[in-house]
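Shared chain: subunit A. Partners: subunit B in the first complex, subunit C in the second.
On to the complex of A and B.
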């Protein structure tokens, strides 16, 4: 069985302006994320890619179609995902507490996870006392504390500055290579998509449809700085941008 | 490739010779005020009208202590009622049901828009307006007829009147608290597999408390003082009305007013202390507040840690693409060193 299986997914919202109309956010979206596969969904803003993730996470109901995941997915949000009244360590321990893992085992697992994301020094800090990058690492560590092997990420590094983002991308790859997770990663960044993914799913402007799937040929483990010297990097970047641009042009043509 | 030029060393600035700023006018004003205050105290201690012996006599009078107890009971019972009704009204105002929303709005509109004194008079006249309480089905002979004045004692009328008035204010406070929670928090909770009730109990309400507690504390203090209006019901066993009644017999109102004031002040002072404790508890995780001393010490130690990470070896990573991991990490550590304050 695959990690995540999305079949014929539609999502429509009632229009705010006209009660008789609906806005179609997702139009017949189907995609598979294989076991231990890293798939990025790339699309312009407002294309419904976050809606896709929210449906996969069970936060919204599809209008039509199904989403199956191998286990209950863990989610890393763009922002506001960590609990501000808990310390970093308590945040990471939270899913374990919900599952009533005994204290000793919990402490051991939290120490492991903090080590993995490099936050051991900051275990006792509150989220407001650390940087945005560290908050996102906390969020990642908390998602990893869930035992499931499906990880959903909704532009987790979108609000970070570029250097922090690159550092965290590299770390995410390192961490992911040590786990058994299937990852669905939402992004609007071409660079991010082709840096991280095994496969990039490109979505169109609203209504969100899948317009292409691009296999990324880079092997694992990846050094994401070295990657940028690879001649294929430029080639794929060009290809992905063309897909996005072509879609924008088409959307404008339809609008006129 | 472009050359990287070296940074030019800058000379250290000279140490600053600091001279404290002088405030002659401020000092003069302070002296004048202290003098006036002392003069007032000395005068008051000697002034006949305050009648300090009577004050001392009545301060711990059994009737006064009982009345203080009644005032506390009125305050807390009315507040509990107000919080419960306030939460219900707040939730009603946030529902999708337009009828519930409108009803909640109307209730808040009425109780906020009329003086509490007038409301209390109304509640006092309840037994004149509705002389009997009839239990049964509408349009049929009632099964049971009760005299309103018999079943609802004045004490509970006072509690009811105070609580309903206060509920309108509490509703707005609770609503502000619920609205202050980032929707991302509830989403994160439900992504962790928490149900609606668990999310409310563990995520939303504790965080909303941070917003709800400070104004609620003020409301409690304000309620304690508002209880002095229950004489409008007319209920006469609270602190103010009781001391008035005593002084009506002794024809000596001033020392009893002082007695009542001291008791009110005593209670409000305790409440203020309690409130600041609660605020500290619920503001955990907020910048600059509430980190417990133990944690603060731990942070101090951790504060120093990143400095070690940013030692020359890690910072001076080759400028090429050779060591992205090391360079990336030290960037993050260096950045957080500043941010972690």
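On to the complex of A and C.
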């Protein structure tokens, strides 16, 4: 079985203007994320890619179609997803606490995870006392606390500065290579998509449809900086931008 | 704004003093002194800061003097020393301690009886929209009834004993905690609820691990307001329906024209209220450490 399987998914919302109309956010989306595969969904803002993730996470229901995941997915949210009333260690322990994992086992697991994301020294800090990058590390560690093998990430590094983002991307790859997780990663950044993914799924403007799937040929493990020197990096960047631009042009033509 | 002026002033004088090519030790000393006074000016005059904490004492001294000189009518404003004397007498006789304990126990029991349902119902109505739509009008219509106005009814139902006092304090406290908890819960950003749901938290777990902590700062505001309200309610209830407590002390002093006793009661209530608020402030800093004050 694949990690995540999306079949013929549609999602519509009631229109704010006309009671009889609906607003289609996702249009017939089908995609598979294989076991231990890293798939990025790339699309312009408002294309419904976050909706896709929320449905996969079970936070929203599909209007039509099905989404299956191999296990209950763990989610890394956009910024501000860590609880301000819990310390770094308590945030990471949150899923374990919900499942009533005994205190000793919990403490041990949290220590491992903090070590993994390099936050051991900041275990007792509150989110308001640490940087945005550290908050997202906390978020990643919390998502890893569960042993499920499906990981959903919703533009987790979107709000970070460039250098912190690259550092966290590199760390994410290192961590992911140590685990056995299938990842669905939502992003609006071409660079981020092709840096991280085995396969990039490109989505169109609203209503969100899949307009292309691009295999990323780089091997593993990857060095994010070295990747920039690979001639194929420029080629794929160009290809992805063309897909997005072509869609933008089409959307504008429709609007006119 | 004033800071900017201070700084540029200092720079200008530094330029005048010939800073740059040759800075003498004396120049540095002068600049340091100017900086220090600028910082001091921003913090407020040292005189005000030193005097500030003692102004209530000055008021007492003035009161004492005016009362002794006969400017103030000593029948209504007995000299503070006379009040202290009464205070000591009441303390030694044990009456004051008894009254304090009675009032405090009524407030404590009533507080717990009102606060717990207030927080629980606030959580429920704050997080479940359908229940809120159904029940909020009930509480909103009960809110404006002056709590003291239903005391005679409570006396009929529960009699003159302690129960009627517990109940009236509980009713007053309930509303503060209920509305503050509910509004705190309703302001919870949806993202936090999503995080909990995505982690598989059940409905109850979501209320306890997200809504409750998010509402805690607002709950503490409710607790502080309720404390003030509880003292008002208990004093008024003890005026008419009790044979003990600080409210009774004040009321009985009125009927016997023992004005300094009355003041003892008033000041004691003020001190107890102050102490309660300080204790709550301490608890708040311990229980809500993620909020910066």
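One rule holds in what follows: the second predicted complex is superposed on the first by the 256 of 256 C-alpha atoms of A that agree within 3 Å, B and C clash if a C-alpha of one lies under 4 Å from a C-alpha of the other, contacts with A are read in each partner's own complex, and residues count from 1 in each chain.
Please note the rule applied: contacts are C-beta pairs under 8 Å (C-beta built on N, C-alpha and C of every residue); 3 or more make two chains touch, one makes a residue touch a chain.
These numbers were taken from a predicted model, which means no experiment stands behind them.
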Subunit B and subunit C placed together on subunit A: clash or fit? clash
Is A:22 touching the first partner subunit B, the second partner subunit C, both, or neither of them?
neither
Is A:126 contacted by the first partner subunit B, the second partner subunit C, both or neither? both
Where does A:105 make contact in the superposed view: on subunit B (first), on subunit C (second), on both, or on neither?
neither
- Message: I'd like to know which partner A:225 touches here: subunit B for first, subunit C for second, both or neither.
- Response: first
Answer with first, second, both or neither: which of subunit B and subunit C does A:163 touch in the superposed model? first
**Study point:** Touched partner set for A:64, first subunit B, second subunit C, both or neither
**Key:** neither
Subunit A contact check, subunit B vs subunit C, more residues touched by chain B
### Task
Identify the partner contact of A:249: answer first if only subunit B is touched, second if only subunit C is, both if each is, neither if none is.
neither
Clash list for subunit B against subunit C, restricted to 1-9, 127-135 or 217-225, contains only 217-225
Dual-contact residues of subunit A (subunit B, subunit C) 54, 57-59, 72-75, 77, 80-81, 83-86, 94-95, 98, 126-128, 142, 146
Residue set of subunit A touching subunit C in the complex reads 54, 57-59, 72-75, 77-78, 80-81, 83-86, 94-95, 97-99, 126-128, 142, 146
Interface with subunit A, subunit B side, in the complex: residues 182, 184-185, 187-188, 190-194, 203, 206-207, 284-287, 291, 295, 298-299, 302, 305-306, 321, 324-325, 328-329, 331-332, 335-336, 339-341
Subunit A contacts subunit B in the complex at 54, 57-59, 72-75, 77, 79-87, 94-95, 98, 118, 121-122, 124-131, 133-134, 142, 146, 163-164, 166-168, 170-171, 223-226, 228-229
Listed in rising order, the residues of subunit C that touch subunit A in the complex are 189, 191-192, 194-201, 205, 209-210, 213-214, 216, 288-290, 292
